[in-house]
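The letters A, B, C, D, E and F name the chains in turn, as written, and every chain counts its residues from 1.
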Amino acid sequence: MREGRRSNELRPVEILVDYLEQPMGSVLYSQGKTKVLCTASLEEGVPRWLRDAGRGWLTAEYSLLPASTGERTQREASAGKQKGRTVEIQRLIGRAIRSVLDFEALGERTLWLDCDVLQADGGTRCAAISGAWVAGARALGKAGLSRALPDSVAAVSLGIVDGELLLDLDYVEDSGAEVDLNLVMTGSERLVEVQATAERAPFDRDALNELLDLGAGGIAEIRAAQEAALDAAAG
Amino acid sequence: MREGRRSNELRPVEILVDYLEQPMGSVLYSQGKTKVLCTASLEEGVPRWLRDAGRGWLTAEYSLLPASTGERTQREASAGKQKGRTVEIQRLIGRAIRSVLDFEALGERTLWLDCDVLQADGGTRCAAISGAWVAGARALGKAGLSRALPDSVAAVSLGIVDGELLLDLDYVEDSGAEVDLNLVMTGSERLVEVQATAERAPFDRDALNELLDLGAGGIAEIRAAQEAALDAAAG
Amino acid sequence: MREGRRSNELRPVEILVDYLEQPMGSVLYSQGKTKVLCTASLEEGVPRWLRDAGRGWLTAEYSLLPASTGERTQREASAGKQKGRTVEIQRLIGRAIRSVLDFEALGERTLWLDCDVLQADGGTRCAAISGAWVAGARALGKAGLSRALPDSVAAVSLGIVDGELLLDLDYVEDSGAEVDLNLVMTGSERLVEVQATAERAPFDRDALNELLDLGAGGIAEIRAAQEAALDAAAG
Amino acid sequence: MREGRRSNELRPVEILVDYLEQPMGSVLYSQGKTKVLCTASLEEGVPRWLRDAGRGWLTAEYSLLPASTGERTQREASAGKQKGRTVEIQRLIGRAIRSVLDFEALGERTLWLDCDVLQADGGTRCAAISGAWVAGARALGKAGLSRALPDSVAAVSLGIVDGELLLDLDYVEDSGAEVDLNLVMTGSERLVEVQATAERAPFDRDALNELLDLGAGGIAEIRAAQEAALDAAAG
Amino acid sequence: MREGRRSNELRPVEILVDYLEQPMGSVLYSQGKTKVLCTASLEEGVPRWLRDAGRGWLTAEYSLLPASTGERTQREASAGKQKGRTVEIQRLIGRAIRSVLDFEALGERTLWLDCDVLQADGGTRCAAISGAWVAGARALGKAGLSRALPDSVAAVSLGIVDGELLLDLDYVEDSGAEVDLNLVMTGSERLVEVQATAERAPFDRDALNELLDLGAGGIAEIRAAQEAALDAAAG
Amino acid sequence: MREGRRSNELRPVEILVDYLEQPMGSVLYSQGKTKVLCTASLEEGVPRWLRDAGRGWLTAEYSLLPASTGERTQREASAGKQKGRTVEIQRLIGRAIRSVLDFEALGERTLWLDCDVLQADGGTRCAAISGAWVAGARALGKAGLSRALPDSVAAVSLGIVDGELLLDLDYVEDSGAEVDLNLVMTGSERLVEVQATAERAPFDRDALNELLDLGAGGIAEIRAAQEAALDAAAG
């Protein structure tokens, strides 16, 4: 059995909106010891391949700060390329937020979402999605473009560890998981991404269904925290 | 309604084992117009971080030949880096086959699986998984290491197109899909990867379940083709 | 003495035209165990430095698939750069085919020739030239631009092995050659490239002349195979 | 005249020690709106060229988070290389801290100092030096290696703006400066680096001397803040 | 005490103008055994970010030839990136010459200054600055744009070695210096750059002042050599 | 007809041995306006793949200085990769000199030959070969390893321009050549490389033979200059 938390219990979620003064949207998103700085920048114009289509675009980038992990990780800028894991995660973040973005309402603008992990203790990609949505919503709100984000998204990780189904894995739990699931859902409780992976042992449909039930509960709590944080910021 | 195929019908699957003479395992895997050349090479030794652990390793690589797509795609070797999509796909192929690999039985060897798409008409990552497993099994069989691959894997893509649930999307169907699902399962009918993505519209649990049912049927057919091809090759 | 072949005998040449359905021109060119997939893609427009000159351009690219060689070769896309050998070969292929191309007749279009070696057993650069010409001719024929390719080209490798002059070296012969010659000639029997290299020992003019005679014979045979394959494809 | 601050007045300095839980040393260093997260990681072993010399090493890295600047800056990891400015700054940080490090006392260990700018409003390289020293001191203190850092360093920027000599330039002042000086001094009030640059107009020895006087005063204040923060953290 | 030279004595300076025939300005600048080939090329047009501003630009590049150093140094073009030291030096050269350039008088042109070190024996960055100014002046003179360079710049290195203050360090002296100072001054005897670095031991204001006095003397001599060389070339 | 030179006349060849003091071998090789600085460095040890075989290795590198060409060429180190032409040329230089090198006599050492073109006016690859051989011979001579280079090599370019066969093309002639031939021969008058290319029009065997005759004459003259220069240097 898991230490100090029930199997369906999230780690404490804290969302500091307007953590910085310069970016249009900036959020320090913490879930347990995992801390991700999410910023949103709005630029006029879109990538070349989308020009003159009257639609906007969204790009997400993700990075682990070198000391965010227990042992220092090499800085990708000095290695000269992004790791496969980084590329995969930032593609996931982008897809997740784009699923609720109204590109026509955004107009010919690009919304950049940068997710920099200050401290990593499991679930960083999910924390990045949940935080980036708040940063994006804050930036679009300030720019009078709230209609471009008609729904919300949040994400949570789940897994099977020693046969037990657990919500919101920390690093130690994640390292030992037999199955790992990242779940992204909208505020209207629909599915955006289900990424279930057998890390050590293939699994069956029943396990998948139980994990999805467990995840839906966690996401509802995160959604409540997102809304409360945005309301407080909007004052 | 889909043209010329029932919604639960695979495109014709053809698996040519020992397509080339030099690699230990080589398979030309076709599913409709999608053709992937999968080769397996066995090397003595493992990556540095795994040395002296008495275990083997598996690495998969994936590439689209420039003319495999309708319009020519830039060659990644001349661009100087692999695209995010490529990186994501080869990580998926590797995870899929590793899920049924017995690393201890493999011993201190590295199994390289190369999946080069000669012609792309949708479903290339799933075809690569299904074909790479055959190439790997063939190479291990020749090397007297069949015990290192105790189970099989196969993959198939699914999607929702104009509200209809379809098995095995071709390129045109995939381009218009609202939801896209890549499913990897073992020969023992357990789940290895479920990657469901809302491309245009979030989806609900019922749709997910129907897609998984549809996929399980397609994977059973692919598995039969894999076994028949290996048996024929083994003579 | 060479095993199983006379010193002036080519390995069996097989040319499958329209091997794939999507590229405009696609040829699987085999010479003995060497197999090269050559595709031709025609794009509107030319590189920037040639714009508005009313002339077309041709670019060739060459790659060894990782398992094409006996021992697996690292994929250049994952290494992040093309090797010197690759660069040198693709420059040679481009020059060879450009020598018979009528750029004005091509108009402001770019002809891409991609040569991907599926299996390498010596003579891959020559096989790539002979096959790429067929792929290019097929693509231009389909596009009604046959006048842009008024002559043909073919290539063959030669060498001196243990003092004996040999036509069409396979990998083992090539590895032991004292002198190595790649010869490219047009259908009108003129020289396009002569690249003779002393691998182990400098050579004299007589040896050069004998090799060129031997090569001219081999090229005549390859030219006949190119024409027969194109005629069969054109139906 | 400068708005809201005297010409010899620093912006408010705030130093949060142990800002994160995982790195050995972590400091959030703020000077006005400039905020730099400085972390220190201690690794066993040294770079290859220093092996078996019984001495340690120190490497510093610096990065601007994309949204830290007013307009979003491209992420260096996705550009694939560090900019010249980044390289120059991280070399400066490394030299500055190495000037007070006792490599023999450190032993065969590498001290990594990572300076990630969360918000940039001028003076980021100086803030990085002042903060990195605190992070390094904290990490070495925890590791029982305080003797390896026998003195402190701090840095401050200065400049001549519209003919007026100013301490601690913010971004707007820096953009308009005729002369720009970065000063690094030890706790024992000696000079480590003097980097004076004519941005718009060459300057004379008198101006240099006045700037150095002004800087020495600012550095004394920063040193006091460094010591207070470390004392508070050590409890 | 220094061997064969007084502490305030420069190594012999030799400046060959128009060393090559093709570049607009070309100078072989020698100071002792240090030899730098400096060339100046004038191009129509400016970088994109400066377009239509009616102003010109200057870019400097610096490189060590592989055999210029005692032990061969790896070629940066084959390593695939410039080292931090190179980047830092070419930024310094660019800033130094830009400090005396009249961008409006230059007009929408780019002046490229290339400094390639043929032989390195200390002080290469200073020699590059002193030589690049001559090359630039020569090219602008030939182009009738002398008014774009209203003043001159020259540079010299200084240091404290075994407690002695020395002008113009050679490689051996530089390797053992406690303090290292690079000084750039204009023809009108004003300061452009002061870069003083404690290599082994922090230093005090008196030492800084003495080094600056010593440097001003050296720079006056270099300036005389620059003028004499340009006059001779102009005939 | 060619201006100011007979068709079988070389441009003036000048070979300055020991042009620099630091490299073991350094040669400034000029042929007309083409000037190449060739240096030779001898390192203990060989590349990893050759270790413990008791044999040496030779690596050649080639570069055009940016201003060496009429219009400035981008520096490859700042572009981040070597161009195809560079790679092809340095492979040719290496092969040419290796053809006369006795690897056993060299022992487990690596001979680096660096050819940096200071001024390019046609024939730079041939000048690099002729000069690099002298630099290598000088370095091996100083190291008491002359027996490792038992024969010499020299190279010359030839071409057909407006139907006329010409020896030693300058840049303008080369740009207009229909056929281009690079010829490398040993001191014992045997062939090392024949690289004949149809630039504008395929050619016949007679033309090839005449070019080879013309080249043999030019190479004899260059060989005489190489020997004279080495003798003078050896004093």
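The rule is short, and it goes like this: a residue touches a chain if its C-beta (ideal position, glycine included) is under 8 Å from a C-beta of that chain, and two chains touch if they have at least 3 such contacts.
All of these numbers come straight from a predicted model, not from anything done at the bench.
Counted as hops between touching chains, the shortest connection from subunit A to subunit E is 2. Steps from subunit A to subunit D, minimised over paths through touching chains, total 1. Simply put, of B-C and A-B, more C-beta pairs touch at B-C. For subunit F, the chain with the farthest CA centroid is A. Chain centres here are Cα averages; for subunit A and subunit F they lie 59 Å apart. With centres taken as mean Cα positions, subunit C sits 32 Å from subunit B. Each chain gets a centre from the mean of its Cα atoms; for subunit C and subunit F, those two points are 28 Å apart. Subunit C has residues 80-81 in contact with two or more other chains.
Taken pairwise by the contact criterion, the protein chains form one closed cycle in which every chain touches exactly two others. Begin at subunit A, move on to subunit B, and keep following the contacts round; the order you get is A, B, C, F, E, D. Residues 81, 84-85, 87-88, 90-91, 95, 99-100, 185-186, 188, 190-198, 202-205, 208, 212 of subunit C touch subunit F in their complex. Looking at the complex, you find that subunit A touches subunit D at residues 20-23, 26, 33, 35, 37, 39-41, 43, 61, 63, 65-72, 75-82, 86, 112, 114, 116, 118-121.
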